[in-house]
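Take a look at the structures listed below.
The following pair of complexes shares a single chain, chain A, combined with chain B in the former and chain C in the latter.
Right, the complex of A and B next:
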C-alpha cells in the first residue's frame, strides 16, 4: 500500500512537471522541425508568458489594479487568472510573429552557430529589459483561490496519493487540454499537414506550391504561444523573477526534444512526461541523484536512439 | 569603542624595529599627494600602500541569480556608507575614529561586481577588483559558498574581506581566515536562539523533518537545527533531505514528508528557494498537519512568500522595528534615501564598511595586519544590536540574535512582514573559542610574521 501510494504520488507530480516540459517541448520542436531553426530564446518566451500572466493577474484583481482603479469592482469572480489564460497565448502568438519576421527569417540560411548567437542574445535582451522595466523583484506565484467558482486554494484528498494541491490538479487538466488541442491541430488540419510535411522536407512543400513562408510565421507564432502558456502555468506554481526563462525553461525544453525526437509533437509530449516522471521519482527516492540520473538518461538516449523516441533522423542534419 | 592595547604596542614595536625601512620607497609613494595620514611605515602588502588621494573599496554582491534582490539592498547599504564616510552623516557622526572626510584623509570610491550567487564568478570578480582596481578591502556576498570562496582568495592576496550575508558555521569555523570578519550571526546561534522558543511554543518530544539547501550554508544549518532541537526540546529527527540550491519546484520533496509522523517541518532554504518551498508546503496542506519553521528569514523571502509566512517562526539578523537609537537612526536615513525600511542585508553592508573604515582610522594605516589587529577583540555598540565583540579567535561577532514570526497577511504592510518575538542576548548564545564551529577554526597568518 505504501509502495502504491508512493508510485501514485510520483506519477502525479511527474505528470504536472511533465506537462510544462511538454508545452515547452512542443513549441521548440515544431520550430526546429519545420524551419530547422535553433531558438535559444524559447526560455525568454516562457519568461514573457510568466510576466504577462503576472501583470494581467494583478491588474484585474478585485481589490486593486487597473480595473479596480477604473471603477470596475464588481466583476463578481476572481477573473485575473481566467483573463490571463486567454491573454498570455495571444501575446505569445504576437511576439512569435514578430520574432519570426525580424529575428528568425534573416537567419534561416545562416549557419546554426549564427542562429544560436542571435537567439541567445535576444534572450539576454529580454531578461535585462524585464529587469529594467519591471525590476529584479521576485513575485509570488499567481494561483487564484477560486476559478469557475471552484475553490482551488485547499488541497484535496485523492485515493492512494493522499492530500494534493487542488490547483495543481487544475493546471494538469488545463495543460493537457492545450496539449491535446495542439496535437489535434497538427494531426488533423491542413495547417498541421503543412507543418508535418515541412518537418520532413520543406523544399518539397515549396515545390508543391504551398506558401510555406506564411506557414513558417504561423508555426513560429504557435510555438511561441505554447512557450508563453507554459510560462503562465509555471508562474501559477512558482515565484516569478527575471531568471526563470533560462533557469527553468530553456534546458528542460531542449532535453525534452532530445528524448522525444526533434520535429515530433508526439515525441515532445512523450519526452516531457518521461523527464517529468524521472525527476519526480528520483527526487522522491534518491534526491541527490536526480540531476545526475536525468542527464545520464538523456546521454543514454543520444547513444542508443539519437533520433529520439519519435524523431525522424533527417531533422537537424 | 575600546582601543586594542595589544595592537598598539605591537605597532610600536614594529616602528621601533625599523622593519618598515625596507619599504621606504613604497611608503613614500603611499604618502604622495595626500599629506601624510601616518601611513608610510610598513612594507608593501596586498594593495598596500594606497597611492593617490582616493582609496577603493570593492562591493562584490549578487546582482543576478537566486539572491540578486539581497545584493541590490546590500548595494544600497554600501553606497550610503561611502556617502557618509566621505561627507559625514549617518553612524559616522557617532562612531569613534570616523570623521566624515574619507578614510585617513582619502576619499572612498567604490567598484561594484556581480557574484551571480556563484563562488567561481565571485572569486573572478573579487580578483579583478584586487588586481585591476587596487581595492584595499572587498566586501559583499549573499551566500556562504561565495563568502568562503572569496575570503580564501583574500587571504591569499592579503586583502581584507568583510563578510556581508553569510550564515554558515563554516565561514568563521572550519573555513575561517585571518583576513575576513563576520558581523552576521551563524546557523549555530540560530539553533541556540530558536530551539528554546519553539520548545516553549510547540512542546517537547516532537518529531521533526528537515529539507535543506545542499551547500555549505544549508548543510551546517541543518546540522545545527538537529543538534539544538534534539538537545533543547528533546525532539527526534525523522529524516533530513538535501535539495539542490536553486530548486524551484519542491512538490516531490514535500510529497515525501510523512504527514502522520511529522510534528515540525524545517525548511532550511533562503531567498528565492524559501520563497518557493514555503508557499508550496502550504499549498500542499502540510501546515494543516504540522508546524512549519523557516530558521533564517530575509526580506526577499518574506515579500515573495508574504501570503504564506503568517505565524511562521525563524531568526533574522536585524529588524527595522528595533527601538534603540542606532537602529532608528539607520532606518531614518535609509528611508530618506530609498523611501522604505531597510532590510538586514543593508545594515550588515553598512556596518561592515564602517567597521573596516573605523579600524583603519584607529590603526592609522591601511596596512592590513594592523587593521586586522584593531578589529580583533574590538568591542562596539553602535550597530543596532547592543554590545558586540568582534572575537579575535575566529573573527565572529558575538552579538544578540532576533527570533521573529511572520505577520498575518491581513496585517502586513510593505515594511511590516515580520514581528520580533524575542531578542536573545549574546550572553545566552555563542560558544567558546575551543568549542562549536570555532574549534575547527585556524585563522592563518597576518602576512607580516
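Right, the complex of A and C next:
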C-alpha cells in the first residue's frame, strides 16, 4: 500500500515530467494537425534548445564566459538561466521559421512517408552536428543555485510530499505558465482560431480567404519554440548529451500525442500529464519496468481508443 | 514511394502470374526485359556479382587505396556484413516499397532473432540451425505485433511498431537481462563449423584471396535464396496485391480482397527476412547488444538503407546496404588530406546524403541510375513526368 506522501510525490514528479512531455506534445500536435506534417526532427529542436540553453548559461555566467570577459559582472541574476529563458525560445522560433520554409514546404504535397524520412534524416544531421561541434560528452544539468535572489538549490518542505527540490517547483511553475499561455493563445486569439480551424480542415480555411500559408510558418515556429523551451527545462533537470533529442524528446512527444489525440492541444496537455504520472509512478516503484509499462500503455491506448483522449479520428491518419 | 512503382510500367498478366517490366534501363527489346525477371536469371546474375564482390571491394579497392595513399578497401568481414543487411532490406522493401507500410520497429525482429540464435548456440552450435531458430522466433513475434499494428495505418502504424520495438528494447536492457545479458550484451556465441563442427566459418574458401571465407559463402547462399524468394513473391499474383496495396488500399478493398490479411502477411514476410538477417548477424559478429540489436535507431538504419538504395526495385535496397555499411565501416576510418579523420562525421554525411536522396530521387540510387540509363537510351521519360505523376497520384 502506497503512503499518502508517496502518492503526493509521484504526482508532483509526474507533473514535472508531464510538463516537458506536454510542451513537446503541443508543438508536435499543432504542426501535425494544421499542416498534416509529421516532424521527426522535433526531438532535434529539443536538443537545440538544451544546447542553446547550455551555451547561454555558460557564456552569461558571471564567473567566466563572454559576459564576464567583456567586463559585465552583475546582471541581477545568477547563472544566466533567465537569459536562456528568453534566448532559447527565440532561437527555436527562428529555426522553426527556417524549417518551415526550407524543409517542410517542399514536402507538403508528398507522401507522408517522405516527410518522415526527410525529417528523420534532418534529426540525424542535427545530432551529428552537435556531436562534432560541441562533442559527444555529457554535460551536467544547468540548474542555477539562486534565481531572483532566492536560493533554489535547497529542497524545501512541502505538506504531504515532504522534502522536494525547490528548483523543480520553480520549473513546474514556469512550464505550466507557458503551457497555459499557449493554450489561451490557441483558444482565445484569432491566430489560435486559424490554427484550430486548420487542424480540422485546412482546405476550407484557405477557401475562406485566410492566408493560411503565413499561419503555417507561425505555427511551425511556435511549435519549434515550445520544443526548444522544453529542451531548456529538460536540461535544467537532466544531464545534456547529443542523444537526448531522440531518447528523451522525440519518442515521448509521439507517445504524448498518440495518447492525447493528434491535432488537439488539450489532448497534448492531458496526454503529457498522464504519461508523466505513469513514468513517475513506475520509476518510484518498479523502475526497471518504467519504460516498458509506458510503451505498453500507449500500445493499449492505440488499440482501445485509437483517436486518443481528445482527438478526432481523421487527423494524422 | 510506392506510387513511384508505376514508373516501372509493370503490366500484369493475372492468369499466368507473370509480370513484364519494360522500362528502367532495359536497352534491349522485350526479350531481355522478360529475362530480367526470370528467377534463374536473377539468381545467376546475382551469383556472378557475388563471386566478384569481395574481390572488388577488398582487393581492387585495397590496391587503389595503396596507390592514392588513402585506405579505401574493405576488411574481410565487410562483404558478409553487407549481404546480411542486404537480406534484411530486401524483406523490408517488400513492406515499405511494395506494400507502402513504413515500420520503425523492425529491429525487434532483427534483435529477437539475433538473441534467439545466440541462446540457441549454447545448446546446438550449428549456424544453419541457429538461423532457423532465430527466424522462427522472429516470425512468431511478428505475428502478434503485426496483428495489432496493421489495424492502424500511416503515422500510427509507424508509432505502433516503434512502440513495440522499444518495449522489447527496454525489456532486454532491464527485466530481461537474466536472459539477454542486459547492458553487457551477449557474447560467447558458439558457431564455428558450418556442418556439425566441420568447415569453420572463418576458413578460406579460395586459397589466395583471404576475403572469400566460409562465412561469406554461407551468407551468399542465404542471400541468393532470399533474393529468389523475394523475386518469386513480387512476381506472383500474391505480390501484385502487395503492390496494389501500396498504390491504393481502397481499391484493393473494393475488389473484395481481405486487405488486413495481405498487409499482415507482408509484415510477417518482411519480419522473416529481418529474422534471417538478425541470426546471420550474430553468427558474423559473435556478439549482440540491445543497442545494436533492438534500439529503434537500428530500425531507422534499415529505413535509410532501403530508401538510399531505392524502393522501386527488388535489388535496389541492397545497394543502399552496401553504401551504408561501406560508409560506416570504411569511410569512417579514412583520413583525408585536407579534412583530416572522418571518424564520427560519417553519420552526418550519410544523413545529408539521405535527405538529398529523399528530396531529389525518391526512387533511391537504383532508381536514379535506372532513370539515367533510360535517358541515355533515348527513352527520356524515366525521370520526367512519370515520378511526378506518381507523386501526384499519391495524395488523397
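Quick note on the criterion: the second predicted complex is superposed on the first by the 313 of 317 C-alpha atoms of A that agree within 3 Å, B and C clash if a C-alpha of one lies under 4 Å from a C-alpha of the other, contacts with A are read in each partner's own complex, and residues count from 1 in each chain.
Everything below uses one rule, namely that a contact is a pair of C-beta atoms (placed from the backbone, for glycine too) under 8 Å apart; a residue touches a chain by one contact, two chains touch by 3 or more.
Everything quoted here is computed from the prediction, not taken from an experiment.
**Student:** Putting chain B and chain C on the same copy of chain A, do they fit or clash?
**Tutor:** clash
**Student:** Touching A:58 in the superposition: chain B (first), chain C (second), both, neither?
**Tutor:** Neither partner.
**Student:** Going by the contact rule set out at the top, does A:291 touch chain B (first), chain C (second), both, or neither?
**Tutor:** The answer is both, since A:291 touches chain B and chain C.
**Student:** Please indicate which partner A:129 is in contact with in the superposed arrangement: first for chain B, second for chain C, both, or neither.
**Tutor:** Touch partner of A:129: chain C, not chain B.
**Student:** First (chain B), second (chain C), both or neither: which does A:120 touch?
**Tutor:** In the superposition, A:120 touches chain C alone.
**Student:** After lining up the shared chain so the two structures overlap, which partner does A:154 touch, if you call chain B first and chain C second: first, second, both or neither?
**Tutor:** Touch partner of A:154: chain B, not chain C.
**Student:** Touching A:254, do we find chain B (first), chain C (second), both, or neither?
**Tutor:** The second partner, chain C, only.
**Student:** Go through the superposed model and pick first if A:139 touches only chain B, second if only chain C, both, or neither.
**Tutor:** Touch partner of A:139: chain B, not chain C.
**Student:** Which region of chain B runs into chain C, 22-30, 148-156 or 418-426, after the two models are superposed?
**Tutor:** Clashing stretch of chain B against chain C: 148-156.
**Student:** What residues on chain A does chain C touch that chain B touches too?
**Tutor:** After superposing on chain A, chain A residues 136, 288, 291 contact both chain B and chain C.
**Student:** Where on chain A does chain B make contact in their complex?
**Tutor:** 9-10, 13, 16-17, 136-141, 143, 154-155, 161-165, 167-168, 237-239, 241, 243-244, 247-248, 279-280, 283-284, 287-288, 290-291
**Student:** Spell out the part of chain C that touches chain A in their complex, as residue ranges.
**Tutor:** 1, 3, 96, 100, 102, 148, 151-156, 158-160, 162-164, 166-167, 170-171, 174-175, 296-297, 300, 303-304, 307, 344-345, 347-348, 350-352, 354-355, 358-359, 362, 391-392, 394-395
**Student:** Can you list the chain B residues touching chain A in their complex?
**Tutor:** 64-66, 68-69, 72, 214, 241-244, 246, 248-249, 251-253, 255-256, 259, 272, 275-276, 279-280, 283-285, 288, 300, 303-307
**Student:** Using the touch definition from the top, list the residues of chain A that touch chain C in their complex.
**Tutor:** Going by the criterion above, the answer is residues 32, 38, 106, 109-114, 116-118, 120-122, 124-125, 127-129, 131-132, 136, 246, 251, 254-255, 258, 262, 288-289, 291-292, 295-296, 298-299, 302-303, 306, 316-317.
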